[in-house]
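Each chain gets a letter, A, B, C, D, E and F, in the order it is written, and its residues are counted from 1.
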Amino acid sequence: MKLITAIIKPFKLDEVKDALKATGVQGITVTEVKGFGRQGGHTETYRGSEYQIDFIPKIKVELVVDDGAVDTVVEAVKAAAVSGKIGDGKIWVTDIDRLVRIRTGEEGADAI
Amino acid sequence: MRIKPKLKYVIGGAVGAAFSALAIAGPAFADENADAIASLSESTNLLWVILGAILVIFMQAGFALVETGFTQKKNAAHVMSTNFAIFGLGFVGFLFVGFPLAFGGFSYAGYFGLDTPMNAEPLIGSGNWAFLWKGWDHLGSSASPALLAFFLYMVAFMDTVATIPTGSMAERWKWKSFVIWGLFCGAIYYPIFAAWTWGGGWLGKTWDTMGLGVGYVDFAGSGVVHAVGGAAALAGAIVLGPRIGKFGPDGKARAIPGHNIPMAMLGCFILLFGWFGFNAASTFASSDIQFATVAANTAIAGALGAVIGMYWITFRTGKPDPGMMVNGMLAGLVAITAPCAFVSPWAAALIGSLAAIIAIEAVFFIEKRGIDDPVGAIAVHGVGGTFGVLCVGLFANGVYGNGWNLAFEADGTTPIELKGLLYGGGLGQLGAQALGVLVIWTIIFGIAFGFFKLQNKFTKGGIRLPAEMEIEGADIPEMGVLAYND
Amino acid sequence: MRIKPKLKYVIGGAVGAAFSALAIAGPAFADENADAIASLSESTNLLWVILGAILVIFMQAGFALVETGFTQKKNAAHVMSTNFAIFGLGFVGFLFVGFPLAFGGFSYAGYFGLDTPMNAEPLIGSGNWAFLWKGWDHLGSSASPALLAFFLYMVAFMDTVATIPTGSMAERWKWKSFVIWGLFCGAIYYPIFAAWTWGGGWLGKTWDTMGLGVGYVDFAGSGVVHAVGGAAALAGAIVLGPRIGKFGPDGKARAIPGHNIPMAMLGCFILLFGWFGFNAASTFASSDIQFATVAANTAIAGALGAVIGMYWITFRTGKPDPGMMVNGMLAGLVAITAPCAFVSPWAAALIGSLAAIIAIEAVFFIEKRGIDDPVGAIAVHGVGGTFGVLCVGLFANGVYGNGWNLAFEADGTTPIELKGLLYGGGLGQLGAQALGVLVIWTIIFGIAFGFFKLQNKFTKGGIRLPAEMEIEGADIPEMGVLAYND
Amino acid sequence: MRIKPKLKYVIGGAVGAAFSALAIAGPAFADENADAIASLSESTNLLWVILGAILVIFMQAGFALVETGFTQKKNAAHVMSTNFAIFGLGFVGFLFVGFPLAFGGFSYAGYFGLDTPMNAEPLIGSGNWAFLWKGWDHLGSSASPALLAFFLYMVAFMDTVATIPTGSMAERWKWKSFVIWGLFCGAIYYPIFAAWTWGGGWLGKTWDTMGLGVGYVDFAGSGVVHAVGGAAALAGAIVLGPRIGKFGPDGKARAIPGHNIPMAMLGCFILLFGWFGFNAASTFASSDIQFATVAANTAIAGALGAVIGMYWITFRTGKPDPGMMVNGMLAGLVAITAPCAFVSPWAAALIGSLAAIIAIEAVFFIEKRGIDDPVGAIAVHGVGGTFGVLCVGLFANGVYGNGWNLAFEADGTTPIELKGLLYGGGLGQLGAQALGVLVIWTIIFGIAFGFFKLQNKFTKGGIRLPAEMEIEGADIPEMGVLAYND
Amino acid sequence: MKLITAIIKPFKLDEVKDALKATGVQGITVTEVKGFGRQGGHTETYRGSEYQIDFIPKIKVELVVDDGAVDTVVEAVKAAAVSGKIGDGKIWVTDIDRLVRIRTGEEGADAI
Amino acid sequence: MKLITAIIKPFKLDEVKDALKATGVQGITVTEVKGFGRQGGHTETYRGSEYQIDFIPKIKVELVVDDGAVDTVVEAVKAAAVSGKIGDGKIWVTDIDRLVRIRTGEEGADAI
């Protein structure tokens, strides 16, 4: 099993969620994060002094999928999250040793 | 042209006097009517004072929100709590010590420049509704409603002074050191300048002693309250030093955005609301209908301050910074506070506009000097208040306030006119105002600075929070609870 | 049965008149007493106007909180700032242009339907405390306290109009376009209908010209303020179009929950509080004790609006939606604003209840038409206000307000009764009210719509924020700072 | 030494009486003056009542913020909404049922202890400005402004009672059960004790029936409002039981910090502001200048409560807990509410200080008994109010209030003095106060307890939220929306 | 070393923490997240329009443990977090290459 | 590629960010988390009752780097985040199977 992590723009979340649903994904976990990257920050002034807004709000989407589903899912996220503008984010895939569904104790693919 | 008798704080003066004359002339039933009229006039005047006091007391909420909104989340319980506690702390100091000092002063006659011992003869009074003070009589059974109304109005003004430094010193001030400031301000700091001006002291007499206009005039306290508070705010900010991270390694100021802009704006609206009590009720009588002019001028200056502040900061930095809009309105309100009863609406508009620009520039100036004032208290209250005091000497139009401070020409009957430079009053009044300003920024500032310096020296670890607490936020270590919990 | 002389805004009328009669009759000392009584009455009346103005000005805070609470976090600094800045912007427009237009009008006599040139004879006056307007005299040294009190009360009402569209147009309106609206509303938009009704214009004369009851009657402005504001809110919302995401691909409205419900509810409480100034002080005299009836009716309508609103939305969607409880109370308050002085408490209860239901249904109706109003301003102020105007024609009970608008029977001495349909007044008064409603939703709405359309056309990129800014939130790009920072 | 005629709620009494005497004596023109004076006095008195009512109504916002700030984020929309809705719910109950019950009572004469049928003769009146009640006349066209002012002031007091349990019962109370409480409180619960005291009932007559001082005295409602509300708060908290997790497995109380401390502190400031209307306007006449003394005493007790509360909690737990500072100020305000007109400022200071300590200790005590009161409502209102009622019997200084409750010596002309134990009044007055306290904590508490117990029994699933909803938070399941959304 | 990630219901956090303490775990890191899963969301109405609450508040617990402790820890979390109702969450285990304690620079098992 | 995860003290974020920039890192993702560890919590009293503040605010920094950069980056974070006091936090390194840049679809090292 693999854990797919995607950093996306916040307003793309609905589209990504719908795209994932469409590929049959049944669960995802989402976190509000802040990103720093090529997109860069910007300088604002507040009460006359400047300050740097380095970190831009992003959403992290995490989902565990069966090995076979990885490609489809990555494609789905990519397609839904892309705007073509800088700062669209990243997707990365990690290997998972073990997965448990707490409610039932099921493990592995059954637990997804 | 209305003439104000003697001192600022007289309730029911005009109508009362009219009545006295009448009481002698008329037959029995007319006397009874005249009596009833006088009583009614005086009770309504008292009502206005009490309503004014209530509005000013509510300004505490406004200060609390502005200061907390403009500071960081990690200190929000701390900043809010200082603004909450100051109300009671200053109050206690004033109740037991400051009020007698400022408005009685019989045993301090020489020192504070008051020359009429209170226990010999009423310093401030108007017949049977007099504001008398004799020792601690305001605490006992014989305290009259009028005296207590006067106390309540005055204690609310004092608390405004006390709360100004909680803004400039926010986010790095030890609670236990702050507590002592609150007591000191109510007991000693505020009463000094108040005694010298509103309490019948020497600054109000400079028309006589130095030939300066009608002497120092400050209708509702641009100087007595705001500049005096601003002076303490500056002193405290210097002694504490800037917040960690406020100035970069290059010495350039870095913005630390306030954690809750809507909160600060709500606070500003509450201040605007309360300011009508601050200024308009300073006629101390609803029978003196100048309160309506005062209210309108107050609104005009606040509105123009907000609008011109918005344009000015947009011109300076490109965006209508909400923080500066708030500061602009407040600067307009602070500046109109001294001249509000004496100037025409067009002048109120101009004063509000200039005050906003001056206060915004003052923010830049103060930061450039390496002084950190998280909420702009020094610029708004100190600089804006100073400007307001001077405006009396520039814009007073001679319609109201002639004979202020009981200032009469040599003939003893012609009241001296209260006219600013622009209305042909020459430099006399401006001189009186400038003298007041000078006193604030030398003696009064010196007292505040000395207080904080000494306190810093004699407090273990100083009056500033340890760096760790400042970095982690003062809420947990000082207050035991975060401002915001899930 | 009390008769109101001439126009709505007369200070000290009744007592002043009593006094005049007396002054002639009595001996010298009686004159002095009568004089003192008149003066005292008038100063107390002025006090009530000023207190009312203060309360109405404080309503700005209420609007700001309701609108900001009901919109999204990402725009909170923007929405709050529009509500903050509108106070000054509308104020400036009204101070320099709108006030003369609405209540002077001598040079606009033909155009605005005012037939008594101000500089020839006071349009609104009552003896020595008259509200006079002559050119820009309200800005100069000769501006009387009474004139300035009148100005202050009126400017506060204007600002309510100005702030209503900041709700319906929230979250997608460019700051610089908004600024122009503020100035336009204070200078031109509000004064037109105000002149036609409260300013002595043709709508108040329809008792004479068209035989409609006592002419258009609007005690505190369900129409003049709320419906006029609601019309602009509708026009603006149409021109801007709905927020991105408000309507699904299927065209069905999707809820975008407000970011801070407690904030909106606090705002509603502040509005309730200020509304007592809005309505009760519209007697313009504390000597007219109808203010007490007005205050009670206001509270009754607001309370019933909240309760019935709660039950109605529970019945419609299953839960006591906090947003609709707020809208219910506000709709009750808006609707009682025109009839509050003329109806019995039972009618106030009914008006408040119906207003809540109508406003809630209006929210549904408006959304179904594809119009996006984030805070329900159109439903509450536009629809609720319209209903309130009509209620005068339905529920006026003939106890108070007879001879309103100086409406007399052919004999010239018998005041025309102000009675609604339910009290046997026939369709006359209802007709006058309906005419006012028609004017608001055709001419006045047309002016607002034309204004926003033209502005949209001549503003580069239109008056709507670029989509990206709307999506990311307007706070950083427009204001330079987020509402909430850590 | 001023004497208050008959009952507490008389408008324009003193001046009206003076006038009546006069009216007979003088010639025609003097009569007209006297008439004008009486009218002016009475209209100004009414203004004060209305202003007071407005201030008290605004206290709803204060309660809402204190209670919401002191509870958890997950229930913030729910707690805020109960505080919002209670205003209208209690109002409706009082408008249609409670007001007649409390202040009319003609058909309930026997049951409620009122012995003067309202429809026979005015229970409460003062000549032509009488507060009359005849059936539902307050809803019809003949309702006088004075009657409606009285209603408005009284309904605001009732709502304070109604909202107190929303604090102690917060975070676990079903909405639909809460709704019934609101109606019940306005219609039945509050009116009972109000009728027995302020409504002319038996407790006010114990000077006659039992020889206890001047009978039960409660100037503005430490007992009638706060202790009665606190009794319901205790009853409700017991019936609901503690929140899940409030008490550890060891039975030890665990703190559940409020989600927004600045919100609670803002609420406390709003309460302080409104409290001046609560207490000072309870003179029911601006012509009774004791309102100024009342206002000052109120501020003194609140300020001292906050300061001593801060010191006491620091002494007890090491830090100046913001929650306890708030409770300290509120306890001071609650306690001074009954004695505010009758005690000297020094006593106000002492009462405020002691109240803060007592309320803080009561918080500990109540928690130790396993009762969960998230905001301290029982301690502040119940215990603080009880203490305040007793303080009248301890500290009343005999300056004001003699002859209260129309209490005369056997000669029928000498008013009985209102003096507490410390001023040589013996145990009589203290006895009357203690009797009132006893009634509250037995009969009135019993009614509340019975109500909640019965309601709990007859409501499917009881009046407490299901555990899941409590754990997840009541906002979504009950209100359909979270308090805070992004 | 392994990284154990658990998505649990918020009100179970205290129990999970206590259970972990009981197994000797000395440190955990916790994040507020939002979950989408079988539990489904629900539709609410606000001001008369409907809206979908898709995402339900959850807590993510992360902890690094020695390989040998994985089973005990997973069991402990499972036992403490289970309510038996839908939405109880997941546990997954990932392999960690390296662990450093910042304060001391210790690495590996010593750094846990 | 590796995913480096660091739990640090909040006020160290700026320094860590600057240090990472200096090593040439172009992007990071940051999350507000709460930590429980040796640092322990503390007991406070609120309205007279005690409560336990177990969880201390921390910042989680995540960044994907090329295998070769891991050591430099870990060193940089360590150096910038250390205060020497208990609670400085942890750094751990996980293996990444795949990395995608959403905007361009680039994969692997190009996507960093």
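Couple of notes before you dig in:
One rule holds for everything that comes next: contacts are C-beta pairs under 8 Å (C-beta built on N, C-alpha and C of every residue); 3 or more make two chains touch, one makes a residue touch a chain.
Values in this document were obtained by computation on a predicted structure and should not be read as measured data.
The set of chains touching chain B and also touching chain D is given as C, F.
Residues touching across the chain A and chain E pair largely diverge in numbering: under half of the numbers involved belong to both copies. Looking at which of D-E and D-F shares more C-beta pairs in contact, the answer is the pair D-F.
In terms of residue-numbered contacts, B-F and D-E present the same interface, as over half of their contact pairs agree; the other options in C-E, D-F or D-E do not. The distance from the centre of chain B to the centre of chain E, with each centre set as the mean of the Cα atoms, comes to 55 Å.
Per-chain Cα centroids separate chain B from chain C by 34 Å. Within chain F, contacts with two or more other chains are made by residues 31, 44-46, 94-95. Looking at chain D, one finds that residues 30, 33, 37, 40, 44, 51, 257-258, 317-319, 321, 323, 480-481 touch two or more other chains.
Chain pairs that touch, as defined above: A-B, A-C, A-E, A-F, B-C, B-D, B-F, C-D, C-E, D-E, D-F, E-F. Those residues of chain E lying in contact with chain A across their complex are 2, 6-8, 31-38, 54-55, 58, 60, 70, 74, 77-78, 81-95. On chain A, the positions that touch chain E within their shared complex are 1, 3, 17, 26-31, 64, 94-103, 105, 111. By the touch criterion given at the top, residues 11, 42, 44-46, 53 of chain A touch chain C in their complex. Chain A makes touch with chain B in their complex at residues 44-51. Touching chain D in their complex are the following residues of chain B: 28-30, 32-33, 36-37, 39-40, 42-44, 46-47, 49-51, 53-54, 57-58, 60-61, 64-65, 68, 76-77, 80-81, 83-85, 87-89, 91-92, 95, 138-141, 143, 145-146, 148-149, 151-152, 155, 175, 263, 478-486.
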